[in-house]
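In the two complexes that follow, chain A is the common piece, with chain B as its partner first and chain C second.
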Partner chain A sequence: MRRLYSSLVDGRGFDLCLIGIPLAFLIVLSGVPLIYNVVMSFQAVDMFSLGSFIRPWVGFENYRQLIAQPEFWPIMGHTATFLAASIAGQFLLGFALALFFWTNFPGASWLRGLFLVSWVMPGLVVGAVWNWLLSGDFGVFNFVLRELHVISGNVFWRSDPTFSLWSVIIANIWLGASFNMILLSVGLSSIPGDLYEAAELDGAGALTRFWTITLPMMRSTIGALISLGLIFTLQQFDLFAAITAGGPSNSSNVAQYWAWDLSFKQYDFAKGAAISVIMIVVVMLASVYYVRSTRHEVRG
Partner chain B sequence: MSETYRNRLLLVIALLLAAIYLFPLYWMYITALKTGSEMFATPPSFWPDDPQWSIFPFVFQLKGMGRFLWNSVVIASGSVALIAVLGTGAAYVLARYRNVWVDVGLFLVLMLQVLPASLMITPIFVLFTLTGILDYPRTAVILAIAAKSMPFFIVLVRATFMSVPMELEEAALVDGNSRVGAFWSIVLPLARNGILVSAILIFMQAFGEFVYSKSLIQEIELQPSSVGLNAFMGPNTNEWNRIMAFASIYVTPILATFVLLQRRIVSGLTSGALK
Partner chain C sequence: MKTSAILGAALYAGAAALGMAAHAADPVTITIWCQDDERQPGLNLAKEFGEKNPDIKVVYRQIHFDDVTSEAMRAYSTGQAPDIIAIDNPEHALFASHGVFLDLTDRIAKSDVIHKEDYFPGPLASVTWDGKIYGVPKATNTIALYYNADMFKAKGLDPDKPPQTWDEMVDAARKLNDPDKNVYGIAFSAKASEEGTFQFLPWAQMTGGGFDKINTDGAVRALTIWKTLLDEKLASPDTLTRGQWDSTGTFNSGNAAMVISGPWELNRMSQEAKFDWRVTLMPVPEVGAPRSSAMGDFNWAIFKNSKHPDAAFKALEYFVSQDPRVFPDWGQLAARANIEIPPTGDAKKDAAVKVFMEQLKYAQPRGPHPDWMKISKAIQDAIQSALTGQATPKDALDQAAATIQGILG
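Entry: the complex of A and B
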């Protein structure tokens, strides 16, 4: 007893205790649901069997039915479009802003930090604001585009099936670009300045310096950021709930919203679990890449 | 072109960029202040003719925002307390040692960080129903948020602990402190700022959390502001000034906190996310 106590206060036990409790907590509340999710995706779950552990086993039936649904492939396509367009948009806008603020004038770092409000705001609020900005008849976004002569008539961003997904993408790019910018700024400022001086002496122009120094030096930051972007974008749910709710007729539905919709709107928990399993595998693969590129960064 | 002239020009461009980028926020506040007819004017007015300040107390009363905000605060505080108590210790151990087990632990933590809430909610809901935790919906949400956000907190705070020199702790041990004593009176105070900043960041996230609250809390008296805002926005709503007033009341405390602590939050975030 005494030994145990002294180990807890002054030895290995202290460390094990500090790491053990949170780890147990995470295993119970993240690990168990994760495994249970896989189990549930092979079971027949309805409102009546929801409250019991033992349910009929149906094998791959849920997956088969899920893929056979007519909306499965369109929704997967939307998910891919949403991911690619959001990540590309966030990254390019973030990189452009980061390069501009890199010129380092007085007040640059404070102003740069201010952009991050788009990222710390509740997703629902961002969604509500963009819902109003993108409104068809009275939205200020349409007004600005009209004044710039980009469009001639109003675009019904949220209710036109061609644009509904893009209305969420636009909001998501706005939300995430600032985060990209901040992390890219950190990467930029860690490039040693004498590399540029040397290149300049050798007569390299601004564009050459960007291609031969900035981009290669930023490679691991960019890799980490792209996979982080993939992870964050796959987590994006609030904007869908606040702007289009997946509609009209699934034209802006994506896998992560569909999973929730199946479970909590249609009470089809088994199919919700099945689509979750598919998407979690995708996220896991992305995060392995993320972990690898950040570790690369540490070793330098 | 002289240095000061160039700096001034760049500052003007930067201010312009910030103004364009933050326009949606401006539009939120301005719309809230507009009258019902001015809101739908074409071309839109960029400054309200007759600012309706009374809309803020009106919406606050109408929607019972006091309750919504209180629930948000309860959920966010509960999550932060749980995360800070458990996560700080884990971050310390993961920062203090370098071996295979720490690498495995770190890898697990990073993997858990990436699970999307909207995908995890299905098994969490079913498990909480089975175990009866769902009878205490706010506690259920706190537990779910804690599990979701703790890995992020651990990653951020670990970076802080890495910057606390190990020699200080060793000196305290040599002077006769126990491990607990050294941790409590040397390491924790030195890492206080980093822990605080990470806790604030987690608080902001939990304050705006939506998926878990929407799915786990059925009683309207227990729902946080995010769910309230979502319910306010029907599919064909035209009460945009009121919705924007709701959003403004909800988001202003977060924005104020962020602007005040901006420098610290940004540096805390960047030290953790990439290293």
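Entry: the complex of A and C
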């Protein structure tokens, strides 16, 4: 008894407690819902059996039906486009802004702080604002493009199937760029200044310094940022709800919005859960890749 | 909205505490879930009912429109359902058919206040499942054609003879359309949501179609007309993604000469629209064709596992007894034909209400069917794929009919 007590106060038991508490927390708040979701995707879920865990098993039937739906592959394609374009756009714009503010002109830190406003705004508010900006007949976005002579007639960003997905991507890039900028700024400021001085003495130009010092030194920041970007982008739901609602004709529908639509609009909870499981698998593959690639980095 | 939700939660906690303290007095507590705020009937009537009946404690919880159904399902499956709920009419059958709502047929037959025959046929059908009545219509609405009489005059159209048929409506839209002045001929909503179905279904019903036969020749013609309106830019391409409220906003600001929408617009329109606006019945396929229109708004229902069904029914009787106040006090239309609408002093509004009361006689419910949301989704998909040119109206509606056939079994 005393040994157990002393182990709990100062020993292995204490360590186990320290690990156990957050682990239990994780299992209760993330693990159980996750497992519940996976289980649900293999069951026949009636809307009034939502509260019970024991439901008839249907194997892969939900998945089979889902993949057989004509909109399945287009929606997966849109999800991939949305991910790639959003992450690339957010990253490039964020990096450009970070480099810009890195030059430390007067007021740079103030302005950098102001850029965060876009990040702290709730997605639905951002969506409502972009909804107005991108409106076809009276939208500001069209007005600016017209004045710049980029377009001659109005572009119906939200309602033209060619552009609807891009209208959400534009809003999402705007929303996420400042977060990228802040993380990249932190990475930039952690690069020791003497590296640049030495390179300059050796006669390296600005571009060479960027390619041979800045980028390699930022590799781990960039890796973390891109995997975070993947997670945030896969979670992006509010903008779809506010701007296009996945329309017209599913042309801007993506997996995360479709899952919600199936579960909470059509009350087909099992199929909604099945999409979520597919998304979980994709995110897990991505994170495995990320963990492996950063581990190699440490060794090298 | 948020404060009243918190207030509701506080009330709920308070009621639970009180319930324990006053157990000896055995007070009856009924819980009411509804989306109405202090400017709408639900909250006010619930409060009044509680004040008038000291022996009954009323707990009101305001629920956001989007959450009503999923909250109700969750609450029911965990045994925490309220006594009374206000539910959107197309979703009523889902609950009624699963035996979740209390069968009110006998109580209504005995009631001195609620009479089945007072109601418009559409709302009554929406609370009926398998010949039994599972609720009471709370209010109702429908859609008709608003038009800008000043623009009619400016384009040489007679504002006293608004379009009566589909073809006349398209002709009028062509004449009224004026891109140079940023004026579209007509506005409506073909959004991929319940609103799109709400707007399209009446067109199919007027030609003898319906949700169970959505690919009739008449329905194909209707969808072809919608496509014409969009292809000729007689309506904004944003019709595809814009709801009815925003579409009517463009009419109020003078950027559309006609709009298809409902009586919920009247208050805003009489404040914002600075022109002579009027309402006419939904145009029909050809002269003499049967009329139809959409039917919206909520129904009251009592959950079957309510512990105090008598008190809950008493509350519904009180709500129904106050139906004559629903329009003058809160601007909604009671679902009853035998209620006189008093003049508001706004001539345009009074004239419009008369048209809507006439239109309500032809309003038809969506469904009723337990899988309504899936049926509706098939119709929305057809509308959207035809209007974006991904399928012909005929192919799109054939596809929808096949999907719906699979749902109906």
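Assume the second predicted complex is superposed on the first by the 253 of 300 C-alpha atoms of A that agree within 3 Å, B and C clash if a C-alpha of one lies under 4 Å from a C-alpha of the other, contacts with A are read in each partner's own complex, and residues count from 1 in each chain.
As a convention for this text, a residue touches a chain if its C-beta (ideal position, glycine included) is under 8 Å from a C-beta of that chain, and two chains touch if they have at least 3 such contacts.
The shown structure was predicted, so the numbers you read here are calculated from the model rather than taken from an experiment.
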Chain B versus chain C as contact partner of A:S276, first or second or both or neither: first
Partner chain(s) touched by A:L50 [first = chain B, second = chain C, both, neither]: both
First, second, both or neither for A:F163, with chain B first and chain C second: neither
Touching partner for A:F95 - first (chain B), second (chain C), both, neither: neither
Most chain A residues touched (candidates chain B, chain C): B
First, second, both or neither for A:K265, with chain B first and chain C second: second
Contacts of A:S249 with chain B and chain C, given as first, second, both or neither: second
First (chain B), second (chain C), both or neither touched by A:G136: second
Which of chain B and chain C A:F82 touches, first, second, both or neither: neither
Footprint overlap on chain A, where chain B in one structure and chain C in the other make contact: 50-52, 135, 137-138, 245, 264
Contact footprint of chain C on chain A as seen in their complex: 47-52, 135-138, 156, 158-161, 164, 244-251, 264-268
Contact footprint of chain A on chain B as seen in their complex: 6-7, 10-11, 13-15, 17-18, 21-22, 24-25, 27-28, 31, 39-40, 42-44, 86-87, 89-90, 92-94, 96-97, 105, 107-127, 129-130, 143-144, 146-148, 150-151, 154, 178-180, 183, 201, 204, 207-211, 214-215, 225-226, 229-230, 233, 235, 240, 243-244, 247, 250-251, 254-255, 258-259, 262-263, 265-266, 269-270, 273-275
Residues of chain C that touch chain A when the two form their complex: 69-70, 73-74, 76-79, 94, 98, 100, 182, 191-193, 236-242, 250, 255, 373-374, 377, 381, 384-385, 387-388, 390
Of all residues in chain A, those that touch chain B in their complex: 9-11, 14-15, 17-19, 21-23, 25-26, 29-34, 36-37, 40, 45, 50-53, 97, 100-101, 103, 105-111, 113-118, 120-126, 128-133, 135, 137-138, 140, 143, 174, 178, 182-183, 186-187, 221, 224, 228, 231, 234-235, 237-238, 241-242, 245, 256-257, 259-260, 263-264, 269, 272-273, 275-276, 279-280, 283-284, 286-287, 290-291, 294, 297-298
